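Following this line, the structures themselves.
Okay, so chain A shows up in both of these, paired with chain B first and chain C after.
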Partner chain A sequence: MATHIANSYTPPAELARVQRLGFLIGIALLVVSVIAALLVPIPGLRRQFFHSYLLAYVFWIGIALGSLALLMVQHLAGGAWGVVIRRVLESSTRTLPLMGILFLPILFGMHDLYHWSDSEAVRETEMLRLKSAYLNIPFFIIRTVIYFAIWGTLVYFLNKWSAEQDETADIRFAKRMQTLSGPGLVLFALTVTFAAVDWVMSLDPEWYSTIFGILFMGGWGLSALSFTIAVAVLLANREPLRGVLLARHFHDLGKLLLAFVMLWAYFNLSQFLIIWWANLPEEVPWYLRRVTGGWQVIGVSLMIFHFALPFLLLLRRDLKRNPRLLSIVAVLVIVMRFIDSLWLIVPELYKNPQRPYEGHFGLSLFDLIVPLGVGALWLAWFAWQLSKRPLLPINDPLLDKALHGGGGH
Partner chain B sequence: MPRRHRDEVKSKKLVFIYMVCILCASVAKFVEDRSMSEIVVDNETGPPIFGVIAEFDTTDAVVAAARRSYEEGYRRMDAYSPFPIEELTEALGIKHTRLPLLIFAGGAAGLLGGFFMQYYMTALDYQHNIGGRPLNSWPAFIPVTFETTILLASITAVFGMIMLNGLPQPYHPVFNVPRFELASRDRFFLVIEADDPKFDRDRTTSFLQTLNAREVSDVEA
Partner chain C sequence: MSSVTQEHPHETVARQATADHLNGGYPVIEPGHSFASVTDKISSIVLTRRTPLGWFIGFAMAFAVVQLLMLSIAWLLLNGIGVWGNNVPVGWAFDIINFVWWIGIGHAGTLISAILLLFRQDWRTSINRFAEAMTLFAVACAGIFPALHTGRPWLDYWLFPYPNTMGLWPNFRSPLIWDVFAVSTYGTVSALFWFVGLIPDLATMRDRARHWFTRTAFGLGAMGWRGSARHWHRYETAYLILAGLSTPLVLSVHTIVSFDFAVSIVPGWHATIFPPYFVAGAIYAGFAMVLTLLIPIRRFYGLKDFITMRHIHNCAKVMLATGLIVFYGYVMEAFFAWYSSNRYERAMMYDRITGDYWFLYWLLILCNGIVPQLLWSKRVRENMFVLFGICMFINVGMWLERFMIIVQSLHKDYLVSSWGNYSPRFWDFGMFFGTIGLFVALIFLFIRVLPMISIFEMRTLLPEAKVKEEQPSQV
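Presenting the complex of A and B:
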């Protein structure tokens, strides 16, 4: 079986098209929006652009980093569910170099995004002065470099050993990837927590929530899983995976998706309940800005379409075993992941510093175009990486069990 | 306590014990009737039998046999295995069970019950100002609501499964087959039951013999 796939392997033809088209569309959309942000003389358009860009960045890197986490979980815990999607996960993680390059615009937009980067404001506000040992520009850049160094190391070795396993069929590589994944997940949890605090939470430097990093871990894991399911369904209809990915594989992935949807709701409720219950003036405005002035519509739609609807749908066994229906739910979850990122980031842009407990609704065309542009580039890079290697880890010790059943969970 | 009143209590107790006895007796009768109803007397060919049993060495063989029997038109059949086999349920033609629906109903009852229990207590029955929060502090009710949902759903799952499987079942004819104890070790069994419309003692036996069965025998009722 393994050699059969290796010998006859040609990547699906669509991947090359996605790569070319994604690259062109991505460049076009980003160039147009950068030019608009620089040249159109509307006050605040620059700030709007960078907030939309941060939204796009946080959403798309979530798929890459969530895939890294799922990949490590699979290496660590084993299980057939992850073997069939491993190449998709690995390709997502290999978009990290692109995300590293795409971080640079955020550095240019720091003054537009982060109030604490303004030295004038730091001098005037005591709270910012006290926090400036952590929240300052050089340390922010150093920390981001450290995150990327750690993520990059994990991505590099997991992909390198996986490729060597394909070539040599040496069982040692499976063991090595497992050994790396344990400490890797610990490092991942720490770096994602700090990254979430730096990139998103510090948009409001006064506010803090200790569960914020975990919110991102769960959310990004969910983004990655639903994206992977959608890609797996597309691949299952094409050679060489036609007839290889079966209903029971999707059944397993659907169960995992259900668990992640519940996990997301659980983390969010944990944060909300504690802040709502305590009702402290330094914590609660962050939520007030998101449940008043129009943002409550988005908040309620998150409860319904990010949790309740996918939860109820995924309870059904026949839906999880039907790839087409499952992919529809996965796409719904991806869209809602985007709305969730928007709900976290954009209300900060419309904050009135004098009245921070009031929400002001506002959206811009940038909130659509910039994420689409970054996404097109990301997808192009992803398709390029996906076409590089066979779609199944052909020499993985678990592959046979994954393909031929026998209650492999 | 006046004597008359004590007697009344005593007689109530007696009535209760009596009712429990009746209940137990009717449950026992019900269980007995159920196991009796599965026996079909085939007068032409000898003593009554429950069905015909075939023994297989591998999971693949029993799944294939179940699939073939279903294609052949048999519906009243069952398979026995030392461990769960995912494809077997499907091969036996068991498509829908009412259990998921029951569990969902149990979960929904837990959700509504849990929420309105708290709503009733804090917003209606025992109104208290707790830190100025609204009486119906629904976000605070969610953790308990979640727990009661899971609790009732899982209780329904366990007891619903037991009920729908017709358990407890003190007697089952299949244990009359001496080799059947291997079903909890390394053998797989397929039984075609005698109340299947297509069942015919000789023809069913010879049909099962064509399915790579290791051994085919009658199951005494």
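Presenting the complex of A and C:
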């Protein structure tokens, strides 16, 4: 019984290799793509690069921010399910400085990404003029700075207090983290909503949907949860967590994954049904571009592999209790989260402004290489952060219950 | 691995203490109770204690208001729905507002009984029976409105798809028809869930009843329950299945209600955020109503041992969280009305803030957005008077929300020539207050004739029930 208090849950040494390898691969892939985008004389290649880069950025920051939300939910609700994955979540949130630096290229690509950043177009189009108080370059930058300031503050204090809790075993820190998480989630919801509008919705400045922020919160939460489950399974296979992360932990995480998969489908169905049915000229082209000209294949694959298949698989109790099978589903969901981000972003690149209601399918090698490059860097940073602290919050008041208690909540 | 095979009692206590620390330190049942005292205390309200005078006075008042409902319905049937204030362009008004308001209130019951059961939240135990009863009565009140709003309620069965010689078939593309199915399914499943949960308690009541009539009545309800292991096994399975069936209903019913509005193209109705925002609003309104009823009842019947501060705190926290989601919905509606740059959307929002109904809009923001922020404070959550007051604000606020959505959005739409205003008439209020009377009267009857807290589930919360806990499973 006393063994786990003496156990410091030192992270496995392999993390250093992941860190090194990820860093090298990430730099190599990104350098190659930047050189290609600058030097290869194909018209539109730069635009393609920036769209692929935005896709990579939105997908990977989704894991970091989704982890921040899950972390705060867990502090607030005090569930034992979250204690065992807290260090993974915290390490994901600490990649935020990297994501802050990686935002800079988007600023260089604004004219390639956002039609509203073109002052000529704003003068000529009434719709853009009416929105220009919000959609303009200085305010876009100010807002992004505000988002990162808020996220950074939350990440800083939640990680700082968690580290101090490890050292001092003072219950005060658990209380503090709980107290911060309430207002933190409110701020999180607002910042993520407006970030989703700025970064993704405004790719088509005419289109709007009031559920969009919720769609992103649900989607990013799902990204973070499936990533965390995959990492937790890897950790459960080796020391020091072998025999500590048990079937019932994965059972709880699997149920949560099922709930998130259903929520994702619910939010998306709500948006689709309402827009498709009303069939308004300023709304429905956004979907028409995504369900014609080849994109319908991606759309249907989302229904099947992002919802139906994981939903049916996760209904099974034995699957949720089997870490290996659960991790396969989690990886499937991660891949589909990427496809979903692609489906949101890339069709805008191939939009014909004269015929916005037509979809034109197109993919580029960049859509694969750039996300892999950013991802390798992100994973390297994540592995580095994960190796810095014990893999479980060793002095958390709920840890004992989480490891030994009967009820998971 | 081997470290988990031993469970020492003192460690369980220590763990409980740390877990309670994060819960504000309140237990789900006050210490000092035994199996017998729990059973006695709950069953005596129905079987042995004298019915207090307050009960008669309260019931008589509620019953008097039910007569207003009867009168309003009779007058409506005699004269047609022209006695109401709604007319083009505001074709939907009190009838739909009250329908949505009541159906929303029901959602807390389903959430408490189904979702919290699946989440293994033990604090649901002492309030689920009560909340489910509230759900049933709220659905009954809700159903009255659309059934009468058809104008010829004796032909309401046309809403159901059945082969007939008239060649009538409902339009399945209309969310109004989905409503018929959503609400009738909701009513049916809620009633079943409630009744199945009652069976073991009805048997307890049967065994304790002294009068032959009471014994027979409870005996009929208990359906031959003898408490054998096989009975319990089947009971647990059935209850879990019903919980699983009820869970999607928490989301689906109000989602479909929101589709009634959102699939149209009326500015103020057509918003993609409506489904989750309606669901959150329903749970918000429902918990406010649960507390509105529980706070006086727990005081009046001295049930503070069973409905502890833990329950009050948790209900208040759920209210705060769902209230914030609702407030988020208002912010999104306002922001996107501007961001859309669509002139009709912008005009609708501008009218909402400054137009004929500006006062109600800002009152709504006060009731649903500002006042509930007091719930952040632990001291407020512990003060029953303040908490009760906040719940009243939310009850009013949720009604105003539906008023704004329905009436304000309709009174000025695309055609300027058909703009018009709405004012309710006496019979609108008569129906509305009448259903409140019906609801309260049914609650009074419920607490008089049925155990309002689940006796057998309360017993599982006692320390005696936890002696032989299963060993944690190992892998």
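As a working rule, the second predicted complex is superposed on the first by the 399 of 409 C-alpha atoms of A that agree within 3 Å, B and C clash if a C-alpha of one lies under 4 Å from a C-alpha of the other, contacts with A are read in each partner's own complex, and residues count from 1 in each chain.
One rule holds for everything that comes next: a residue touches a chain if its C-beta (ideal position, glycine included) is under 8 Å from a C-beta of that chain, and two chains touch if they have at least 3 such contacts.
Since the structure is predicted, the reported quantities are computational estimates derived from the model, not experimental observations.
Three-chain overlay on chain A, with chain B and chain C in a clash. Between chain B and chain C, C contacts the larger number of chain A residues. Contacts of A:G78 after superposition on the shared chain: chain C is touched, whereas chain B is not. Shared-chain residue A:R317: touches chain B; no touch with chain C. By the touch criterion defined above, A:R248 lies against chain B and chain C together after alignment on the C-alpha atoms of chain A.
Of the two partner chains placed around the shared chain by superposition, chain C is the only one that A:I214 touches, whereas chain B remains out of contact. In the overlay built on the shared chain, the residue A:G44 is in contact with neither chain B nor chain C.
When the two complexes are overlaid on their common chain A, residue A:A174 makes contact with chain C while staying clear of chain B.
Residue overlap on chain A between the chain B contacts of one complex and the chain C contacts of the other covers 248, 273, 277, 405, 407. On the side of chain A, the complex with chain B involves touching residues 248, 269, 272-273, 276-277, 279, 315, 317, 405, 407. Note for the complex: chain B touches chain A at residues 83-87, 100, 104, 131, 133, 139-140, 142-143.
Note for the complex: chain A touches chain C at residues 1, 3-4, 78, 127, 130-131, 134, 171, 174-175, 178, 182, 186, 189-190, 193, 197, 208-214, 243, 246-248, 266-267, 270-271, 273-275, 277-278, 280, 282, 321, 397-398, 400-401, 403-409.
If you check the complex, the residues on chain C that touch chain A are 1, 3-4, 6-7, 11, 15, 18-19, 21-23, 119-121, 251, 255, 259, 262-265, 270-276, 324, 328-329, 331-333, 336, 338-342, 376, 469-470, 472-475.
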